[in-house]
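So, here come the structures, one by one.
What follows is subunit A paired twice: with subunit B in the first complex and subunit C in the second.
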Partner chain A sequence: MPLSTQLQGDDEQYVLVASLDNARNISNILKAIAFKDHAIFNATPNGLRVTVEDSKCLQANAFIQAEIFQEFTIREDLVGFQVNLTVLLDCLNIFGGTTVPGVSTALRMCYKGYGYPLTLFLEEGGVVTVCKINTEEPEEPIDFEFCSTNVINKVILQSESLKEPFSEMDMTSEVLQITMSPSPPYFRLSTFGMAGNAHYDYPKDSDVMELFRCTKTQTNRYKISLLKPSTKALALSCKVSVRTDSRGFLSLQYLVRNDDGQICFVEYYCCPDEEVE
Partner chain B sequence: MKFRGKIVDVACLNHFSRVITTISKLTKMCVLRMTPVHLFFVLSGKVANGGVSMWCELLQANFFDEYQMEGVSAEDNEICLEVTPENLSRALKTVQNAVAVKVKLTKKHCPCLTIAAELPTLSSISRVVTHDVPVDVIPRKLWYEFKEPSMPDFDVSIYLPPLKTMKNVVDRMKNLSNFLVIEANLNGEMNLKIETDLVSVTTHFKDLGNPPWGGDASQDSESQSRDPEAMAEARVDIRRLQQFLMGQQVNPSKAMCNIVHQRVVHLILLHEDVSLQYFIPAVA
Partner chain C sequence: MDCVVTGGNVKVLAKAIHSLSRIGDELYVEPQEDGLALRSVNSSRSAYACFLFAPLFFSRYTIPSGHTFRCKMLIKSVQAVFRSLASLEKTVEKCHIELDKHKDRLTFTLHCKHGLLKTHNLSFQDSESLQAVFDKDSCANVFRAQPRLLVDTVVHFPPSLEEVTLAVSDERMWVRNHVEEDSEQSKAMLTELCLASDEFDHYAVQAHNSITFCLKELRGLLVFAEATGLPISMYFDDPGRYAYPYTVVISDSVLEGDFVLATLSDDPNHRKHNTRRTQTPVPPPPDDFMNDDIDSYLIAMDTSIAQGPSTTCPPTPALAESTHSKEPAAANHRTRKHSEEEEEVAEGETADSGRPPNKKFCSLFFGSVLPSSSQMSTQPVTTQEVLASDSEDDT
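And then the complex of A and B:
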């Protein structure tokens, strides 16, 4: 019996019901931001925004638009709650998260409202799993006040070109320095580790550079330990937009294509480490 | 006390080594009992190993082309050894392409099971690889501990779902909790449940079927009077169940589970000539 017909009767009491034919479409994108246990969920009629933060210096958001879901019903303008992301991911992958074509886990996610658990119904090959994940009081995500009008420099790159520097990044360096400039070296990633300094330069007319819009030379440093989790998003994505604003705040936007070819976004904001003269 | 056996057939050798590997996943140490007809791998439920017990039975004739043994005495024609299955498994894995494998009980610096493998060769000079796996000989007076466990008077007996599916579920549940409740009824339904402060998860399996167990009259009458919907349940240490599910390598033709309500979970894997029983005690 498909989940959709089985549970139709209960729907009225839920403020949020979201169904997916393939749970991997959501579990993959959540993996891209899974670096801390606490995840803040905010659902609006447009879809779902999941936020994870670290040390008030790093914020990651995953956006899953309503269209990604086969069903997305919301009875309020805004539904917010907080759950343990590690637990949620284990639940979503309860059947092993198989990648075998033709086999997928169907998901129905329901939430009754404040104080109730987030209920997941998962089905694969006739086996049904029901998970009730306790919810917590949602915290207010930090507003990084990153506004596109204050963006000084912006580049869009094919993710492939950043995977190597990020996977081989010298972790003995405390910071990653990003230089963006209208003149050479245009876009440069630098580390300062025990074995020496390393620079990755991307010329502005490179094939992997899809957009280059730098107005002013800017050099900012970011804690490498804070940026490391974004590697997960990078691995899943096909394009990445790197932006810095007038305060040196960094925004990384990843375009992620799921199993069904639909597009979702993952976004990382990071505070600069210190001013460089 | 003498033992020597010879395996020639590649399929038999592979099968034998798979069985040993499975056992090595279940326990670090176990007892190998050899009789003229059978080989038994036994783990008796001691507190030190979490009260888990195991009984694995092999017909020697299905594995060995030659099998000669002489027990401690004519009336007790058996040999009882304490072995580390991991060591046996490692020795057998390295000789998978052997032409013939001889297994012998030897006395080197200590008692050993010596595995001598004749490897294929292109020249006339033979290549033989020998592994000495140290064992402990168990004296006659301790044998009583290693008898076949009696079939528990279970409340529900049910066929298990595909072990791969069950393993996936149990592996994830292990991430979330240390204990798991396994429950089943006579309507072919089985549930695996965990509950913690953060989450409760229940996986429902249905249409599994219940083994007939026609032979035993007392259990038969009891199970017929039982409400088919009523669940028998046991709370167990997830790690024990996880270990058992690693035993997929045997590709069992039948996998069953008997539950004694709040007492014990009795798991059985049957594969033609091999049977593996595993007992996991319930915890409060």
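And then the complex of A and C:
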């Protein structure tokens, strides 16, 4: 491959080198969390975690395991930096995002360490582009302290069934209310807009309900403006798990299959707007 | 009120609502004995549409007993219930419409596949009855055609086109875009199509005339017709008698959609008087005392006094004058009524000045629920000229 032969000599300097034959395997998943300009990158030998946050109430994470990459070399236990996600996505799509089958953009992402830019080598059809994106001091991602032992209610749904309520959500409503209960309506999404209110009910024995584990009735409201961006992750995914803990914090986990059928995860955490019992 | 729509009829209901949204912003809902009426009217009251769904359209149809229930709501809110038409067909098994009077809410519940339930509780306002007065059965010109014919005709006109003129003779119908009198003739593009009478399922012309109406408002019906494949009937009358609305009807055994559009008279003799400047017939200048139509002149003087806010008009040539002054002759018994309506309309007109062309269509007459047989006209001002045409004088 032209890229690796050209640049092997430089490898010694990089603390992180990650290569993909198809850049879409990373750009698609990053688009699902790109509701803000800045993203925090954290790489460990397990893979890459990209975090985007909004007003300290919402956090989205994309996880791309090391196995997804054709090459993933890391020289430290933890490599962290912050970049402008919009710029990064523009670079990843620099060849115009062609959807012609068989043609893809190859990516080699390299980072020398603190203070150095993130270097991207992109190649398509023999043409190579080099992008250097300035990095910033990485902020510490918020720890929402969401642990599975604290989970009160959990459901796993087929993403297809949730696409409609999320994409058609009444944006004149300030909140999205989620009710989860061992008794009817079991799982309900509600909005309270100018014209009236709307409810989407999913019975526990529905075909689309892959897992239903609700122990206690909980109704929580979340700012609709914070949750609306998760619609992108929903669109990419095939399954979604919805969990709430004792504080009413919401965890949405999306199972995404990339172009090559490999699995990646996207996760959203959201604080409740107010507690409604 | 408690109605249930099942299967494919849910999509038909949704399409009807989308059609009505092309007319006005509000949906008037009235459950009647003979079915559920959904109506809409545009802001200038020059276009009205009503879909009546017979009880057989529903798998359950129960209306509130006692006093009649009527309400109106924002049509956008109802459209939100039926947003994705494509998925409606695939996923919705039935739609339940229920009135919860205590909470002032009309509840639309969609029962979908996989046990999913979508409930929309929409708020509404009580409303007066919305019923345009029109009597299509007495129209001089009646046509019926497959929707394909009209859809294929309309496709030749740009979506932004407002006004279209239909001219009919015994054998043919011409459809062309209406170009403003005062617009640059050299810059205007004229498109004209001709349809032969045998392309229609039914073609009956008693009066050779032409009408101009707003096409935009009709497009909603055409989309509905194309989707349902139901034939379209059209009715219009001789503008010489009343300035009649153009009525388009689509129906089958369980539903009927009526679209009533106000028309502009397109008769060349009257065209001058259809501009905003000229709203009333002009009394002839003193010289015309020598004219044969001295009687008509006196009557014209009468009517000009009876009228409300008439505007001054430039004097017109004697010949054209004589035609116009004849008009009030047969109609002077109506002048008082029309002066009242004229005031209404004139107010509407001045308020609407500067708005897009279709605002010069006068308001349709909205009367009581029971249509009165005598009063069926719509545009007092422009009809001042057309009320009594030459043909009427001859009879």
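Just so it is clear, the second predicted complex is superposed on the first by the 275 of 277 C-alpha atoms of A that agree within 3 Å, B and C clash if a C-alpha of one lies under 4 Å from a C-alpha of the other, contacts with A are read in each partner's own complex, and residues count from 1 in each chain.
Keep in mind that, in the parts below, contacts are C-beta pairs under 8 Å (C-beta built on N, C-alpha and C of every residue); 3 or more make two chains touch, one makes a residue touch a chain.
Keep in mind it's a predicted model, so treat the numbers as computed, not measured.
Three-chain overlay on subunit A, with subunit B and subunit C fitting side by side and no clash. Of the two partner chains placed around the shared chain by superposition, neither subunit B nor subunit C is touched by A:V15. Of the two partner chains, subunit C is the only one that A:G196 touches; subunit B does not reach it.
Of the two partner chains, neither subunit B nor subunit C is touched by A:L255. In the superposition on chain A, A:D207 makes contact with subunit C only, while subunit B stays out of contact range.
Annotation: apex subunit A, arms to subunit B and subunit C, angle 60° (C-alpha centres, rounded to a multiple of 10). When the two complexes are overlaid on their common chain A, residue A:D170 makes contact with subunit C while staying clear of subunit B. Judged by the touch definition given at the top, the superposed model places A:C91 against subunit B, while subunit C stays out of reach.
Contact with subunit B, but none with subunit C, is seen for A:V130 once the two complexes are overlaid on the shared chain. In the superposed pair of complexes, A:I152 makes contact with neither subunit B nor subunit C.
The least CA distance from subunit B to subunit C in the superposed model is 5 Å. In the superposition on chain A, the residues of subunit A contacted by subunit B and by subunit C do not overlap at all.
Those residues of subunit C whose C-beta lies close enough to touch subunit A in the complex are 73-74, 76-77, 80, 83-84, 87, 105, 113-123. Those residues of subunit B that touch subunit A in the complex are listed here as 161, 165, 168-169, 171-173, 175-176, 197-207. Against subunit B, the residues of subunit A that register as touching in their complex are 84, 86-87, 90-91, 93-96, 117, 124-134. By the touch rule above, subunit A contacts subunit C in their complex via residues 161, 164-165, 168, 170, 185, 194-203, 205-208.
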